[in-house]
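Chain IDs A, B and C follow the sequence of writing; residue 1 opens each chain.
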Amino acid sequence: MTDSSAPSTSPGDKTATLTATLAEEAGHGDGAAGLLGSDATPAVTLQGVAVSFGDHVAVRNTTLSLATNRVTALVGPSGCGKTSILRAVNRLHDHTGGTVSGTIRLGELDVYAPGTSPELVRSKVGMVFQRPNPFPTMSIFDNVVAGLRFNGVRSKALLAEAGEAALRHAALWDIVKDRLRDPAVRLSGGQQQRLCIARALAVEPEVLLMDEPCSALDPVATGKIEALITELAQHVTVVLVTHNMFQAARVSDDTAVFLLGEDRVGELVEVGPTGEVFGSPRDERTRAYVTGHIG
Amino acid sequence: MSDLPFDVPVTAGAGAGVRVGAGTLAGLTRRDAVRAAACAHLDRRRRLGRLATVMCVGALALSLLPLVALVVYVVSRGLPALSGGFLVHTPTPEGIPGNGIGNAVVGTLIIVALAMAMAVPVGLAAALFVVERPGRLSGALRLAADVLTGTPSIAIGVFAYLTFVLAFGYSGLAGSFALAVLMLPIMLRADEEAMSTVPDELWEAGLALGSPRARVVRSVVLRSALPGIVTGNLLAMARAIGETAPLIFTIFGSQFFVFRPTAPMAALPLTIYTNATEPYADAQRTAWGTALVLMVLVVLLSVAARAVAAYLHRKAR
Amino acid sequence: MTYRPDAAVSTLRTPEASSWEPVAGIASILERRRSRPRGRLYAAVRWGGAAVFAGVFLLLLVTLFHQAWAALAHMGLSILWRGWNPAKAQFGAGVFIVGTLLTTVVALVIAVPVGLGTATFLAGLAPRWVAAPCTVLVEFLAAIPSIVVGLWGLIVLTPLFARHVEPFLKEVPLLGALFHGQPLGASILLASVVLAIMVLPTIVALSRVAMSGVAMADREAGLALAATRWQVARKVVIPGARRGIRAAVTLAMGRAFGEAIAVAMVIGNNTALPHSLLSPGATLGSAIVNSFSEANPGSLEKSGVVALVIVLLAISVLVNAGGQLLLRVREEGPPPRGPVDGAVEAIAGTVGPAS
């Protein structure tokens, strides 16, 4: 969790330097517009969303708006419900047995309305997972266009074009263009993750959910993907779950902090532009978290 | 060929990136083309998915149908046969009351017990060999086990005839030998699998304490692999009890209670076989009754095998 | 009452004594233990087990070949295509091989789609409260002894087929050509159906295990791309389970080859070449069952039957060993979850009637 480029001596110094570094990093992001003050309608709104597994509540009462074409980071120690919230957005809990209460809206679409099919939601929301998971039995090209094929696109021309565009967006085209038929598993970890990003992008989603996409990667690959994320935000709304505060500071425009409440249930503590959340947090607990005192 | 509901002139997008929202005046962007395709196909995909699910449910029904029909039939035809002493009497000629399969029950128990006595220790010892000394010999043993597993039981029955029966005559022992040969590779495989899931650390910890190998095996590895070994061996036994082919050329059958394994004996599967092909009503009823008994026996044993394994597994934790 | 430590212990307690001095008495016990040749008995047991196993295996091969030799020498390679006519000293397995292949192929044509469909349902499309009990039920079918299935086939299915199923099949537009001739009940078709029933649990069990082994991550990746569960099953799970499915089908094929008793009860036992699926026929297994006891010991005919055993052995062993190898080499699949699962899986590869 610590950034090795921040030299410090005493704990007090350390805290101050940490906060300063975070604030400075965050300043690079486009945090000026503020969350709810942005001119576009939010891409995703959550109201009173709670996720529970059986009797155990993982995260409660989350109300949050995610602005369009910005990167929102969900940060916090593990077990606080960030991933649960993320997976609630594309209805993956249908599959894992979690119960989601509250309302989630994708623009106009009510994600959990009885008449809404999960496939419809998932065609508008893409997801990149913690460990790269290209389909092991498919080639690189087949992987990229897998989502398109699932969604019914069969025109070879459109597939080829969309595939190439997605690979370019993921900064992978030059590396793989001569071996599109090779098995996807031959790529390195970082390349596989970029392939997964390309695969998610090919379906032209409105929102891209990223669940700690760099946690299984080495620092070089991580750097490349972070650069990618910033660029992707111009085209899609990105929601990034991350452990790493510094990553959040580098990459995101807005940050939402999740912490464990008293009863071991995760909850949203503070949300705002990244610069503010790290530089001048409003909530005491947020301050404690970003200064490294908890988590 | 495009399967979109309308004609979409796709703008050349190579390297240009996705255009947000605004399209060209002439047509739609790739983004719109993809999104439109996704929407258009959604209903069709969901319907196809539902249809496929229905067909798979149908497949499940087809799989369970013979099971249900068979069990219902065996129970309905076999239950009436189980009246009064069926399990303790010896067979009587057609038409004469007091028919029973007692000798077949006893015969099966003796034959299977002997077979287990032969197969279990050999299987265990050979599995220990394979697990502890990996090498060409173990590989050859594994291959032999694979080959032996694939051997049809009729071949094993003929083999037992050619060795035991030609030398010593028809006997329960010959049948036991045939069943033991049948069970051996299965037990070897199960034992080997159970032992190889024991982590190396356990082996090494025991050996590092300077303990002789046997003690390590006994106190550490076997205890850990015991649930798997017991399940495997009991399941092999459950399978062997129901086998007919190893018995038809070896035990010959008998009308009486026989307790000496070196003499011809009766056994449940053989009784079914000989009675099934006879057209008489009594014989048919006996066949169904025996089938019911055999089926119950096999099922109970399989269930017991898994229950014992679960219990041992829990105890080991 | 004061505690008076005995001499040995007080040696330890004395500060001047080295704290590493072993307790008196233990050293000699350990020394004795180490020098005892305990290991030798254990090694002997291990070698013994391996030797017995190998010995039995070799004895099997030698005995069968030895007995079949007379007939094999007499017929040569023509055993593979000549007919069976003991009166004319013809011990060819040709007709039986045809019957074996025919029944197996038809059995697989029935069992593989049904089995894969069931496995797909149980491994992914079914809600959990349905999948678990149904899995147990299908495995239960595997435990039913083949003699019971044969009995049921003989007494229940034969008249059913003769009166209803076979006449119906003759009327089917295109396929009806396969089913010409008298509907007698006992036929290649009935034997194939009985084989399919017996082989089904193997296919379902092994395919299901293979499909469940496909990583959750891959399935979620598919779902996240807006695939329906069926699309995930078809494009992700089944391809990912290819190896296990291949093993399942191979083992099912081997099982079908080796089944003798149940087939003998329902196939009609005709040594002429079958001309339709409705004709009675014979397989290698059924022929052995029927002819073995009739042949006089020591006669050429007996040797001929054992030669049939050799042919059957050759075919089934090749197929089965291949399937077992496919099961063993589990490169992508997950290892068994624990000792019990490993044993159960090993048994699943072998369980099922094969008499």
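As a working rule, a contact is a pair of C-beta atoms (placed from the backbone, for glycine too) under 8 Å apart; a residue touches a chain by one contact, two chains touch by 3 or more.
Since the model is a prediction, treat every value here as computed from it, not as a measurement.
Visitor: If you average the Cα atoms per chain, which one ends up farthest from chain B?
Guide: A
Visitor: With contacts counted as C-beta pairs, which pair of chains has the highest total?
Guide: B-C
Visitor: Take the average of all CA coordinates in chain B, do the same for chain C, and state the distance between these two points in whole angstrom.
Guide: Spacing between the chain centres: roughly 8 Å.
Visitor: Would you kindly tell me how far, in whole Å, the mean C-alpha position of chain C lies from that of chain A?
Guide: Spacing between the chain centres: roughly 48 Å.
Visitor: Where does chain B touch two or more other chains at once, residue-wise?
Guide: Touching at least two other chains: 38, 45-46.
Visitor: Using the touch definition from the top, which residues of chain A touch two or more other chains?
Guide: Answer for chain A, listing residues that touch two or more other chains: 119-120, 123, 150-151, 203.
Visitor: Provide the list of chain C residues touching at least two other chains, using ranges where the numbers run on.
Guide: In chain C, the residues touching two or more other chains are 226, 228, 231.
Visitor: Chain B touches which residues of chain C in the complex?
Guide: Its residues touching chain B are 33-34, 38-39, 41-43, 45-50, 52-54, 56-57, 59-60, 63-64, 67, 113-118, 120-122, 125-126, 134, 137-138, 140-141, 143-152, 154-156, 197, 200, 204, 226, 228-231, 233-234, 254, 257-261, 265, 285, 288-289, 292-293, 297, 305-306, 309, 312-313, 316-317, 319-321, 323-325, 328, 335-336, 338-347, 349-355.
Visitor: Under the stated contact criterion, what part of chain A meets chain B in this complex?
Guide: 117, 119-120, 123, 148, 150-155, 157-158, 161-162, 164-165, 168-169, 202-204, 234-235
Visitor: Considering the complex alone, what residue numbers of chain B touch chain C?
Guide: 38, 45-46, 48-49, 52-53, 55-60, 62-64, 66-67, 69-70, 73-74, 121-130, 132-133, 137, 140-156, 158-159, 162-163, 166, 181, 184-186, 188-198, 210, 212-215, 217, 224-229, 231-232, 235-236, 238-239, 241-246, 248-249, 269, 272-273, 276-277, 284, 287-288, 291, 294-295, 298-299, 302, 306, 309-310, 313
Visitor: So in the complex, which bits of chain C are touching chain A?
Guide: 215, 217-228, 231, 235-236, 239-240, 242, 332
Visitor: For the complex, give me every residue of chain B touching chain A.
Guide: 1-4, 10, 12-15, 17-18, 20, 30-31, 33-35, 37-42, 44-46
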